[in-house]
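We just call them A, B and C in the order they show up, numbering each chain from 1.
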Amino acid sequence: MNPRSLLLNAYVYAVLAFILLPIFIILPMAFSETTYLTFPPQGVTLRWFEEFFGDSRWMAATWFSAKIAALTAITTAVVGTMATYALVRGARTMGTIFQAFLIGPIVVPHIALAVALYLFFQNTGLSGTVFGYVAAHSIIAMPFTVFTVAAALSSVDPALEDAAMSCGANRFNAFRLITLPIILPNVISGGLFAFIISFDEPVIAFFLAGIRDKTLPRMMFDDIEQNLTPIIPAIAVLLTVLSIVVLLAAALLKYLADRNSTAREET
Amino acid sequence: MKAGFFEANGRQMSRGAILLLMAPFFALVIFAFLYPLGSLLSLSVLEPSPTLTNYERVFDNPIYATVLYRTLRMALLVSLLSLALSLPVAILMANSRGPKAVFLTACVLLPFWSSVLVRTAAWSILLQRNGLVNEFLQGIGITSEPLRLLYTQGAVVIAMTHVLMPFMVLPIYGALRNIPFDYNRAAAICGAGPLRSFWEVTLPLAMPGILGGFILVFLTALGYFITPSLLGSPQEMMIATLISQQIRENLDWPFAAALVGVLTLLVTIITLVFSKVFRFERMLGARA
Amino acid sequence: MSQTVSSNNKGASIEIDRLAKTFGSVRAVDDVSLTIEPGEFVALLGPSGSGKSTVLMSVAGFERPSAGRIMIGGKDCTRLPPNKRDIGMVFQHYTLFPHLSVGDNVAFPLKMRGVAKAERRRQAEAALEIVRLGGYGDRMPKQLSGGQQQRVALARAIVYNPQVLLMDEPLSALDKNLREEMQIEIKRLHAELGFTVVFVTHDQGEALTMADRIAILKAGRLQQVSPARELYERPSNLFAASFIGEMNMLPVQWDGANATFSEREHIRLPDSASIETVPSGRAVLAVRPERLSVTSPGETGSWRATVSDVVYAGAGSLLITHLHDGSEVRLRVASAGQAPVRPGQAIGIKVPPEAALLYPADAAR
């Protein structure tokens, strides 16, 4: 290795240490016997996991978040796929509006969206409702799902649908039987990303939370702000495991999709 | 904005079918984005009667003007720091193959997909009075007693850089990966050494990705709420915390709406100015 | 203005000495030695995977040889990085820098060599004029057609008077008409400027029309290095014979003087038929389809054959015939002035003895 690339490698690994350090610091603390957070953690205990799973408020928040995340995933996958398909199959003039609508919620800071929804939902009684959360989270997760689906859709040969229709299928059946199975892995991984985004979403949750129904991130925010107990590292461990599982699932789906498409090319 | 990614292809559908398929999407955006944001912004100019006083307050009151200026300065700092940290990582990622490339990508993606709250909490633990950073600083003799690191602008900048860095790495990496290998060969045969070739060819060609990542980080940092709220000092607020405070403590909706208006106007202008280099699909595509 | 570029350029010799390159267990280039004279135009020709590109990339400096040496102009360049070799190169896909104007692209090598800006502009414009694109300097590469882009790439490669010009399938991305035009253009530049050219192609027609000598590679090994005519008329082995042009290959028994391919048909071959000594026994008789002609069946010295198919193709016709032992023989004959031949008809095939070439059978591999 020449001096130049040695320098580059050294710099990059220092940066990676900066990236990974906080995560590797916080995860072991989940097993610490002390009630305050210190590094290195002392002793090994599963107490904080027990406390998390045994506390009805944490459990309620977790299920509440999971329910919202699952519904957000389904909503973005279905609504996003419909719109993307319509766009790719013809809505030339709507492309710009569509993109503006899609990008708007990414560009406009979440704080602005959260405050706007807070006002709107308070006036309509939607604050703290599953419906309100799902609508809000779908808005911010939509771009990720749509781009994942669009990537797959743009690589599907449109002649396949023509072929299906020449065999007697109508438009819907051509989509259902030909295009959808091909893009399904991407639709599902788009939904998975939406799930993670919703499950992890702190800002909107901060403003929309009702008195009783709080999402998991909202509970975590309060805990961090107030006393920061080792229950947070315990949740961090669980969330990291969840993220890794979802990422691996997405990678597996991508692998399957790629294998399908190569198989198609060969035949 | 270019629609390349959504290029229409295949047999076109009827107008009715297109509208039907798009209706849920547009309904959702109108219901949960356009209408709420519009009615909030209308508060800022209509409350109590048509007026611009709420906006005048933002700029005339030195406290609020300072918050705005501080927010811009810190967002810029975070973006510059992210760039300095991200560019070499993206370069090494783009030039690596096999297990090393997988390892580097995993290192960048893992924090990307772990909770923002968790990462902020980690920094709060690291930076506390008896935290690891203070122990380290005392250990090597930089300071004899613990420094106040938490609840400072420095803590906010470092933690936000940590949280937003992947948004910089991925677009730059994507841009670098899209540069055909032959360009560097052509530069070499023309007489350019590796550094010259990087400076004259690679960097200009990766510029859209670099600029895109920079703008994305800058925009996100401008309106960032979580990290400044948890790690920042109440005396040195950023705009998002100020908005939250105006609503939750002062219940001053028209003024909060004006702050949101300023913030939204700012990001919209920046987005439109840089819309050419702003290819979201590329950035988000890289995320998967 | 063109004299700035063309002045005192004689071209450099290139010596490739026992070059080898292995990728893992694959021997991409296997013991290739080739000496290229100053100012010579050599084409590297071979199927994909033959190692021709690897040889070129080793000369350019992009591949580090596993063994062997590369000398350019008498100087050992084996370990020299590409940017210090002073070589001009045209890549397969133009590879014009998309962020630079045409003029800046052409001036790039001059910039790397520290030439002042005004002088760069002047020389770049001169080089553009040489490739007949004078006045295009301010455009961006994207605004030019494929053929024009390749001319710009050519101008960039020659702008600083390199003594060696390497070309990696430079015309394969162009359509047929443009390709022929560019072939003439490159030949003209070579004649005018006198640099040494190494040209990689998989198109044998291109190699035959352009190169002084053609080097044929197969599976990393050099098969033959010859001028076009010799390569076509006296290919040195069966691979070269089958790779260039059409060739009838007939299994025969060889007794040292006569080749026999069925009970009755045999042909006495002159000594010149064998490029190298062919041992008695099984051998292959090779003859180009256009060297054969049709006579009446049974004429002395002719082969008896039955016509299977006649393919009319304008000026010429292709006759597909079969001998008694079933082996196929193709003939290319002029369409005009021939008695019409029909499928099923028995004919005689006249073989000029000097057109027949004999190769040992096992050399076919």
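Simple rule for what comes next: a contact is a pair of C-beta atoms (placed from the backbone, for glycine too) under 8 Å apart; a residue touches a chain by one contact, two chains touch by 3 or more.
Model, not experiment: these values are computed from the prediction.
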Can you list every chain in contact with both subunit B and subunit C? none
Which chain has its C-alpha centre farthest away from the C-alpha centre of subunit A? C
Nearest whole angstrom, what separates the Cα centre of subunit A from the Cα centre of subunit C? 56
At what distance in angstrom does the C-alpha mean of subunit B lie from that of subunit A? 17
Counting only contacts in the complex, subunit C reaches subunit B at residues 60-62, 81-89, 91, 93, 95, 97-99, 108-109, 111-113, 156-157, 160, 166
If you look only at subunit B, which of its residues touch subunit C in the complex? 180, 182-183, 185-193, 196-197, 200-201, 204-205, 207
Subunit A contact footprint on subunit B (complex, rising order): 1, 3, 5-13, 17-18, 21-22, 24-26, 28-29, 31-37, 39-40, 43, 85-86, 88-89, 91-92, 104, 107-111, 113-126, 130-132, 162, 165, 194-195, 219-220, 222-226, 229-230, 240, 243-244, 247, 253, 256-257, 260, 263-264, 267-268, 271, 280-281, 284-285, 287-288
Would you mind writing out the residues of subunit A in touch with subunit B in their complex? 4, 8-9, 11-12, 15-16, 18-23, 25-26, 29, 37-39, 75, 78-80, 82-92, 94-96, 98-121, 135-136, 138-139, 142-144, 147-148, 150-151, 154, 158-159, 161-162, 165, 171, 189, 193, 196, 200, 202-203, 206-207, 217, 220-221, 224-225, 228, 232-233, 235-236, 239-240, 243-244, 246-247, 250, 254
